[in-house]
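Okay, here's the structure, questions in a sec.
Note that the chains take the letters A, B, C and D in the order they are written out, and that residue 1 is the start of every chain.
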Amino acid sequence: MDFQAYNKILICDDEVVNVRVDSVTIGYEFKIKYPSYRGVFLSCIEALDFYVDGRKLDKNTIIFYLNGKQFLLEELPELFKEYWFISDKATIRVIDPNGIAAGPHEVRVFMRHRVPYTGYFGEYLVLDSDESKTLTVSDQQEVSL
Amino acid sequence: MDFQAYNKILICDDEVVNVRVDSVTIGYEFKIKYPSYRGVFLSCIEALDFYVDGRKLDKNTIIFYLNGKQFLLEELPELFKEYWFISDKATIRVIDPNGIAAGPHEVRVFMRHRVPYTGYFGEYLVLDSDESKTLTVSDQQEVSL
Amino acid sequence: MKQHKIKLGVSLYSFSTEFISDQLDLEGVLKRANEMGYKGVEIVAAQMVPEYPYPSDEWLEYFAGLLKKYDLEPVCWSAYIDMGTRSDRDLTREEIIQCTVNDLIYAKKAGFPLVRTQHAISPEIFRAMISWCKRLDMKLAIEMHHPHHFDVPLWQEYFSVMRGEGKGVLGFVPDFSIFQYRPHQLFLNQAIELGFRSDRLAAVVDNHQTGVPKETAIESDFSAVEREITTEIYEKFNRPARVEQLQEYLDCIFYIHGKFYYLPDDRHDPCVPYEAILTTLRDGGYEGYIASEYEGHHFDADIDSVIQLQRYVAMNNRILNEQEA
Amino acid sequence: MKQHKIKLGVSLYSFSTEFISDQLDLEGVLKRANEMGYKGVEIVAAQMVPEYPYPSDEWLEYFAGLLKKYDLEPVCWSAYIDMGTRSDRDLTREEIIQCTVNDLIYAKKAGFPLVRTQHAISPEIFRAMISWCKRLDMKLAIEMHHPHHFDVPLWQEYFSVMRGEGKGVLGFVPDFSIFQYRPHQLFLNQAIELGFRSDRLAAVVDNHQTGVPKETAIESDFSAVEREITTEIYEKFNRPARVEQLQEYLDCIFYIHGKFYYLPDDRHDPCVPYEAILTTLRDGGYEGYIASEYEGHHFDADIDSVIQLQRYVAMNNRILNEQEA
């Protein structure tokens, strides 16, 4: 049951923000952190799913922003040279021309991740971090990365 | 015969520098640039060999520094999210407790690299950039990345 | 004096020699373009955008400010489809969409109305970009570059998209490399430098021009290098595109790459049929930009790009303003 | 009052709760360590070094300055062997060497004389580090952490390297997790929160302690969660290490992790046999640091680390100074 307390930091309290290019809405975004006491390379992420208001998001509509770069979710397991520092927030952008409506939304994040130093007798410890949080949408300000 | 003129920028004119940690010599380093008019991801590098004074260097003694990170030569073909901007110099550090002696040294770099947009009819253009340059060793100053 | 509405712009790529040798930085290149009298500019993002492929909003704003400062008009943001980026496989549909949407957004933020993309985008994804283009009020155009040409089947698919659902937002950018019919001077110089005997090289170029088959052009005493370069000449300058085809697809042309490699004077390009091309475009009523696209830097880093561009502008103006079709 | 030369330091990892919740940044953590009266500190580089795994010389200098500012002594730079970093394979020999040499260099630049590494380094690479350690005047020590223990065959190989060619530069860091014999309070709280009925949990803990087999301890009405946690208790707290073994390998101990999870008071740890451990070390003549290594943050983010550390220091001092072996 080690590591369980870190799951609480997975979803950041930051507001959900609609993303616009000039006045054109292209999606919305929120922030997550790596649920551990230490950083790892992104390749330790074995699965990452997002749900908003109970609906699972299509992985092809999601862009993962970290270290000034963009990644598709399918690329994460291959990124063995992209370090996720424990204090850094990743931005999860959901491409959706409708953006997200004002008010509270339930965001759920499921991350399966490998603890890379744990193979004492062969097998690595693989953790499931599954958290939900109600986030508020900020008042539709113009923000983009 | 396109691209040939860019090979001239492969080896930078910067001096070769001995690298020390406190007073302990751990190796030496010099700089290279990507031989093209545009940047690419490091995964476009198919082979990279170094020769100093005619002797081919053991790839396990070489560290490739770019974007504030270290890479082993064997990792380069896998780095499809690490961009090499055309103006950025990569530092090639050779681990060698003897460092390099003062004076001129002939540095040769062989890079085989794929031009990633050229597959007009299937095959990508793969270029061999093979350059040599006589570089001077700076006066053994204390420098490290 | 002929009437026409063709505008001459410049691809900043023409200053590659100066940029990659650190003689000019991006601002220096823009300043030079302005000093030369250019107004419309194209940027090859993968070349001159330091944070590419993920430029920040701050950088894009800074760049838009630079364009204003040097009184330049953003005309074309050039993107690649770097299909062969990975060692293990080609880019996927999702990856191509991601980078193309990114470029549309970056271009818009920097003030460019048009993104140049490439042949590998595929008709399906090209079509999928229509809604993005419409929402963002952006245009997207595929460059037709040698060795592609009008008769490549893929292009017939692209034209049907451009003329169908993509009308007005999807188009193409012909690059005059498709019309090049003989090796340019810098190519020949390089061949000689690599060991091609100059009399033999001249004979090969002559044989190629007059239709002598490659097998005959390769003489029995040719070295490996001579054989290889002779093959390259025969394969590369096979003149697949006909200038009349420009007229036929004029409705799909959003922008043009005025490709050239070396101009010995300010009147005539010995390798690309500029007279026929420009009068065809003019008399066909083309009203957009032709970008001066100097590419000699692929072959020789000692050529002064400014002089080449000056000759290019003079040649274009002469042909456009004076020459009968 | 017993005489001894054991020093109590702190692993900054003990402040994980405050650090990961942004209540304290690195400087705040160092300030807190100093305020608590600690002198010697350990840093887990992958946790608190923002540019890790490639910190710049500038950052390392800045960090050395911070240590000086808060009058702290750099004792141990903790590195991992992240063998399972990649999805497709384990790290190679070259990759392990690269990261280990890096950590030796970073540690030295920041002023640390010792690097903590991990079990996966392999005897061959551990041995290969001797020349690096000697040249850099650095020590390297493998942490022995639960579920490893002295009798794991790999460790017998490590000890022979430490006592052979590696003597003086290669050693080990016992972590007291190897001696933990029953679940700590935060573990039990978490089990109850997950649905383990508290009376049944108490019975399981009791059964485990008194040697009742797992099969008997698992009652027929246990839920899946209760079965799973019972199995975890039986597998995890199987007490493989004997405290006397510390004495046997004392010559190889460079540093110690005083692991604890939750102290209900400042006198006694109910889960780790501190009385036996500390008197054994003291009477065996251990003269190095024991790092206070609070790890309750794995289970509960609402525990005040400072109070836990204060209790820990008091308990250690009481045992070391007063207790007979």
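Annotations
Everything below uses one rule, namely that contacts are C-beta pairs under 8 Å (C-beta built on N, C-alpha and C of every residue); 3 or more make two chains touch, one makes a residue touch a chain.
Small disclaimer: the values here were computed from a predicted structure and weren't measured.
Comparing each option in B-D, A-C or A-D with B-C by residue number, the pair that reproduces over half of the contacts is A-D.
Ranking A-C and A-D by contacting C-beta pairs places A-D first.
With each centre defined as the average position of its C-alpha atoms, the distance from chain A to chain B rounds to 35 Å. Distance between chain centres (mean CA atoms), chain A to chain C: 40 Å. Taking each chain's centre as the average of its CA atoms, chain C and chain D sit 61 Å apart. Here the CA centre of chain A is 30 Å from the CA centre of chain D.
Within chain B, residues 69, 78, 80 each touch two or more of the remaining chains. In chain C, no residue touches at least two other chains. The touching residues of chain B, counted against chain D in their complex, run 21-22, 24, 26, 60, 63, 68-70, 72, 74, 95, 97, 144-145. Chain contact summary for the complex, chain B toward chain A: residues 69, 71, 75, 78-82. Residues of chain D that touch chain B in their complex: 51, 54, 56-57, 94-95, 98, 101-102, 105, 108-109, 135-137. The touching residues of chain B, counted against chain C in their complex, run 1-6, 8-9, 37-41, 43-44, 46, 77-78, 80, 83, 85-87, 114-121, 124.
Those residues of chain D that touch chain A in the shared complex are 13, 16-17, 19-22, 44, 46-47, 50, 52-53, 80-87, 90, 118-120, 145, 147-148, 187, 190-191, 194, 229, 232, 297-301.
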